[in-house]
Amino acid sequence: MKMIMAVIQPHRLDAVRDALEAINVHGLTASEVKGFGQQRGHKEIYRGAEYQINYVPKVKLEIVVADDILDDAVDAIQQAARQGRVGDGKIFVWDVETTIRIRTGESGEGAV
Amino acid sequence: MSAADTSWILTATALVLLMTLPGLGLFYAGLVQAKNVLSVLMHCIAIACLMSLVWVGGGYTLALTAGNDWIGGFSRIFLLGLDRDSVASGLPEALVVSFQMTFAIITPALMVGAFVERIRFGAVMLICALWLILVYVPVVHWVWGGGWLAKMGVIDFAGGIVVHVTAGVSALVIAVMLGARSGFPEKVLPPHAPWMVMVGASLLWVGWFGFNAGSALAANGNAAMAMLVTHISASTASIVWLVIEKLKFGKPSLVGFVTGTIAGLATITPASGTVGPLGGFALGLLGGVVCYFAVDLIKNRWKIDDSLDVLAVHGVGGATGTLALVLFAAPAIGGTGFAEGQTLLGQFGVQILGVGVTALWSIIATIAIVLVTRRLIGLRVTPDEETQGLDYAHHGETAYRL
Amino acid sequence: MSAADTSWILTATALVLLMTLPGLGLFYAGLVQAKNVLSVLMHCIAIACLMSLVWVGGGYTLALTAGNDWIGGFSRIFLLGLDRDSVASGLPEALVVSFQMTFAIITPALMVGAFVERIRFGAVMLICALWLILVYVPVVHWVWGGGWLAKMGVIDFAGGIVVHVTAGVSALVIAVMLGARSGFPEKVLPPHAPWMVMVGASLLWVGWFGFNAGSALAANGNAAMAMLVTHISASTASIVWLVIEKLKFGKPSLVGFVTGTIAGLATITPASGTVGPLGGFALGLLGGVVCYFAVDLIKNRWKIDDSLDVLAVHGVGGATGTLALVLFAAPAIGGTGFAEGQTLLGQFGVQILGVGVTALWSIIATIAIVLVTRRLIGLRVTPDEETQGLDYAHHGETAYRL
Amino acid sequence: MSAADTSWILTATALVLLMTLPGLGLFYAGLVQAKNVLSVLMHCIAIACLMSLVWVGGGYTLALTAGNDWIGGFSRIFLLGLDRDSVASGLPEALVVSFQMTFAIITPALMVGAFVERIRFGAVMLICALWLILVYVPVVHWVWGGGWLAKMGVIDFAGGIVVHVTAGVSALVIAVMLGARSGFPEKVLPPHAPWMVMVGASLLWVGWFGFNAGSALAANGNAAMAMLVTHISASTASIVWLVIEKLKFGKPSLVGFVTGTIAGLATITPASGTVGPLGGFALGLLGGVVCYFAVDLIKNRWKIDDSLDVLAVHGVGGATGTLALVLFAAPAIGGTGFAEGQTLLGQFGVQILGVGVTALWSIIATIAIVLVTRRLIGLRVTPDEETQGLDYAHHGETAYRL
Amino acid sequence: MKMIMAVIQPHRLDAVRDALEAINVHGLTASEVKGFGQQRGHKEIYRGAEYQINYVPKVKLEIVVADDILDDAVDAIQQAARQGRVGDGKIFVWDVETTIRIRTGESGEGAV
Amino acid sequence: MKMIMAVIQPHRLDAVRDALEAINVHGLTASEVKGFGQQRGHKEIYRGAEYQINYVPKVKLEIVVADDILDDAVDAIQQAARQGRVGDGKIFVWDVETTIRIRTGESGEGAV
């Protein structure tokens, strides 16, 4: 099994989910994160003083998938999240040894 | 004694209390970081309580009962002898005590903006208690209690000198002596809740009707006009900030807008019993512009960490209104004219004198008070406490647990 | 001139201002997404300021001074000649100006609910300023300023026609011409802070006492009864929503409950000087039911993105009250009867005419105003700005930084 | 009928409504977990609406119209016959109905603090409706409606017995019968928003001016003194909590501070028409200390989950004030003396009797009401609903979506 | 060393922590996340309009443990988090190469 | 490529970012987490009742870097985050197989 960790623009979350559902990936975990990268943050001005807000709000997805659908899943995410602008985000993949479904205790690919 | 006037001043007292609790509290709390929200609210409400006790204990009698040119007498110390039949200024005296008490609450509470996010709570308490007696009470006596400025015919309807100059100037002194927040100015964080700033400003505005129109101490045309010009000035100054920010930055901000509101309110305060609608508009215009550049000057150029711009918005606004009101007092434009027998220049001289002497006295007394406090209690929290935030470090609490 | 009445109207003025700042602001801000909170608050307070200036500049004189059947005169343009001794309606005229100004603030501010989360800030300003002069001011004159509807004996105590029909109908026109929020109706997000909606509704309720009972322009039995029936109607309509939601969905919601509150308040507004307690109850019942189904009809069936249901709650509520009040005006049930010489049917005819002509005029004028604004400034923000949220895109700020 | 008094009581009515909506709502909502915020606000506003209808339907007539020693008559059932000319207590009768209605709203709403985070919404509604008729209305009649306690000369100016003892004692009964929140006391979570608690307390304070000073039913020296002593007591009790917390824990908290405020306000309530400034101070001191230890006793030692300390703060405060006021009623210290012909001991006996009988009746009636409600509706939500939070489980909503 | 990433029901956090303490696992990092899976979100109704809330609030735990206690730790979590209902969550395990304690700079299993 | 996951004190975030920028690591993802470890939480007292707040607010950083700069990056973080007190935090490292830049679709070390 593989872990796909994707950092995307928050408003692409729905699109990415739909794309994953379409290829039968039904489980994922999302969190709100702050991104730092090529896309710079923004400035806010209060009472004439400038404040540099360094981070960009992003959504991080963590999706564990069986090896054989890894490529499809990564493609689905990449296409759904892509807008062609700096800040679209990144996808990272690594190996997962075990998966256990807490409710049943079953483990392995069936548990994903 | 008029029941109708009593009715209005009972209301006005509630409105002025609303200004501090929760108005000013929210206004200031929204401007600080999330980790110092409770500390700011605590400052406001603890000041409200402590000042009330100081006021009824000795403040009222020294400020507003018969005395000499400089200070009142002791006839009402601990409010002795005050009962349901006592009358003052054509109102139940208990009401005069209460109405004025709400002024004695908000004035030191305004200073909170200068020292947020880094001061020790005990220092706030001691500074404000001493300040009420040494700065506020005498100046009230000078201007409203029949003291020397009153005798000279100074015009300060609802507290441009008494409230805004005293608090604004003293705030700056405290800010300087306390030192800036760590990381100021580059690394200071922006307001944590602009929505809260707006709610606070709104309540301040509504309450200010009680402050200014209540200062007529009657339900009459004078109160009505005070309310109207207050409203016009607030509206105008707000729009001035909007326009300046639009021109300078392209994006007019809510925090800027309501800062303009407060600037307009502070500016009209001394003038609200003297000018007509046109004067309200003109003072709003002037106050908006002057305060905008004062903020820029003090915080952004001089780099003094008067954190929430107490001097620039309140002090400068109040002084501007106090001086400029002479230009708009003419009966022809709805004003009431000058103190009896005064000319424009003469009145202007008196106004300048009032602002100047009050500012000077505020500076001297505040320096002394801060020095004493530093020695007795200490002023600043430790750097670790500052990093951690005063809410937990000093009050053991967390503002948001969502 | 009565000091007692002055006292009450001074208070009422503060209460009506509280309705907009921060009442309506919070009510609306809680209903939008977190990224548009400041924009909504900015709309409310900037409207408050701009309308105030338009009102004192020309609105008041055109609405409420002597003129012809259609519009008032110019005698108080820029409030010229107004001073502390001017009297109107048995009150200081400055107070009448102020009290009515708070109505001129909240009426356009109500329309904010129709165009949140997607409109350009400049468009809001221009639309509202034009609308005040072209729609609100004439209708005030028709109904309260001695104009043609007043002469026909239309009954609209505190503004069912003047406030709620004008704002409600115009809001729908703007919503249609502006277009729906992107993703409406499927992908629109739920209210970001129902707690804030409730706080706003509470302040609206409290302030509405000033709105309705203040419209008596006196501290008397009429004011007292207006307050009582206002309260009864609000309570009843709230419980109507509770019951409907309980029956339909099993779970009565807080947002629904307080929407009922506002529906009840809007419905009783025109009737609050005419009906007794039973009428208050009946109108609350009626207003609650009618507005509930109006929301459903307009938003959920017709799919018009009058985002915060201004027409369905305010317009429909106000119209319902204006028409139904004829049924409950009988002195036998605590009412005051009809305009002199009127029969039930005759009065009903006048009421329908008032609502109808006002609605029609509101539609025509608002279409024109929006067309002009579209050409001069443009109406909508870009899709990117809408995605990003107006707080940052248009005001450069963030509401919450926790 | 006095227009001036009418003016003040119109205002006072708005102020007392503000206490519940949104004051008490925010005070309580800030003290619970984020998942139960809306449920608490819903309790407060739904109680407000339902109690209003019960009050105008039958509560008012049974409480305040002529009847026997135990209960009033039926002359104003459904407010029949009430119109704009009806007069009571020198005010428009509609205003007396409204002013007293705001008391009938807040008294049961106070009990919300005892049963938050675990009670069924329907149970709240039924308990409060029955309670208003069976407990509140008779006690009002006894004390303020010319009933047996009134005849004995009991002193309860604004509701120490009527409001605070009834609500406090009944709250404890409900808390015990309902059972503690799951995990109480070890695993209960701290207040989710202390800032909100402070805002609620501030609005309660401001509104309390209407509550106590409004209870004079006139704009006179009595009202003014009531306001002043109310303020002094609140300030003093707040500082008492500050000092106790500072001594015990080193860190004075905002939640503690404003709990002291409410304790001071509850304590002065019955006495506010009787004592002078010194009495205000003494009762604040006493109320602050007594309530502090009452909280500790009931919640931390007896482990009764009167979740937001309704008995300890309101009940104990109100009782303390009712009893202790006899010590500070002497005219020499600004008080008004006792009921005609009473001695200190005699008055004290009457006060004890009033508190005791009221408490006893509250206990008995509340037990019966809760038993009936348990049978008809059931009291508690399921453990799953409690875990999930009442906002979603019972109202289908989420308070914060940031 | 192994990374155990567990997604659990928020109200099971305390139980899981206790279970881990019991087997001498003292360090963990928790975050609030949004879960998407077999457990569907819920509907909320405002003014008669239905809003589908797609995500379910979950808590994500990240716990790095030495290889030899991996099985005990996974068991402890699974048992403490389990309620036998859909939505109980998942446990994922993968390999960690290095652990460093920032305070001391020490690395390896001792740093966990 | 390697994933560096660092849990640090929130107020060290800026320092750590600066240190990483200095060695040309420009991308990272941060999130607010709750830490449980040797550093105990704190107590809060409301109305005389004590509440034990078990968690400590921390910031979690996730940084994917090319293999050859791993050591430098870890050092930079460790030094910038270090204050020498309990609670300074931990750094965990594991292997990442693939990285994809969503905007361009490019993958491998160039995408980091």
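By letter and in written order, the chains are A, B, C, D, E and F; residue numbering begins at 1 in each of them.
Note that contacts are C-beta pairs under 8 Å (C-beta built on N, C-alpha and C of every residue); 3 or more make two chains touch, one makes a residue touch a chain.
All values reported here derive from a predicted model rather than from experimental measurement.
Chemist: By label order, what chains touch chain D and chain E together?
Modeler: Output, common partners of chain D and chain E: C, F.
Chemist: Between chain C and chain D, two touching copies, which fits better, same or different residues at the interface, with half of the numbers shared as the threshold?
Modeler: different
Chemist: Compare the contact pairs of D-E with those of each option in A-B, B-F or D-F, and report the one where over half match by residue number.
Modeler: Repeat interface, by the over-half criterion: B-F.
Chemist: Have a look at B-F versus A-B and report the one with more C-beta pairs in contact.
Modeler: Between A-B and B-F, the larger count of C-beta pairs in contact belongs to A-B.
Chemist: Can you check how far apart chain A and chain C are, centre to centre, with Cα atoms defining each centre and the answer in Å?
Modeler: Roughly 45 Å, centre to centre.
Chemist: Whole-Å distance, chain C centre to chain E centre, using C-alpha means?
Modeler: Roughly 51 Å separates the two chain centres.
Chemist: Centroid of chain B to centroid of chain C, CA atoms only: how many Å?
Modeler: Chain centres of chain B and chain C, defined by C-alpha means, are spaced 33 Å apart.
Chemist: Quick one: chain A and chain F, Cα centre-to-centre, how many Å?
Modeler: Using C-alpha averages as centres, the distance is 18 Å.
Chemist: Which chain F residues touch at least two other chains?
Modeler: Chain F, residues with two or more chain partners: 31, 44-46, 53, 94-95.
Chemist: Do you know which chain C residues sit against two or more other chains?
Modeler: Touching at least two other chains: 2-4, 7-8, 11, 189-191, 194, 249, 251, 253, 255, 396-398, 400, 402.
Chemist: Classify the inter-chain contact topology: is it line, ring, star, complete, or other?
Modeler: Graph shape here is other: it fits none of the named patterns.
Chemist: Among all the chains shown, which pairs meet the touch rule set out at the top?
Modeler: The complete list of chain pairs in contact reads A-B, A-C, A-E, A-F, B-C, B-D, B-F, C-D, C-E, D-E, D-F, E-F.
Chemist: So in the complex, the part of chain D that touches chain C is made up of which residues?
Modeler: Listed in rising order, the residues of chain D that touch chain C are 1-4, 6-8, 10-11, 13-14, 17-18, 21-22, 25-26, 29, 37-38, 41-42, 45-46, 48-50, 52-53, 56, 78-79, 81-87, 91-95, 97-98, 101, 121, 394-402.
Chemist: So in the complex, which bits of chain E are touching chain C?
Modeler: Touching chain C: residues 44-49, 51, 53 of chain E.
Chemist: Write out the stretch or stretches of chain F touching chain B in their complex.
Modeler: 11, 14, 42-46, 53
Chemist: Chain E touches which residues of chain D in the complex?
Modeler: 187, 387, 392, 396-398
Chemist: For the complex, give me every residue of chain C touching chain D.
Modeler: Contact set of chain C toward chain D: 2-5, 7-8, 11, 15, 33-34, 189-195, 198-199, 201-203, 205-206, 209-210, 213, 218-225, 227-228, 231-232, 234-236, 238-239, 242, 249, 251-255, 257-258, 261, 276-278, 281, 331, 334, 336, 400, 402.
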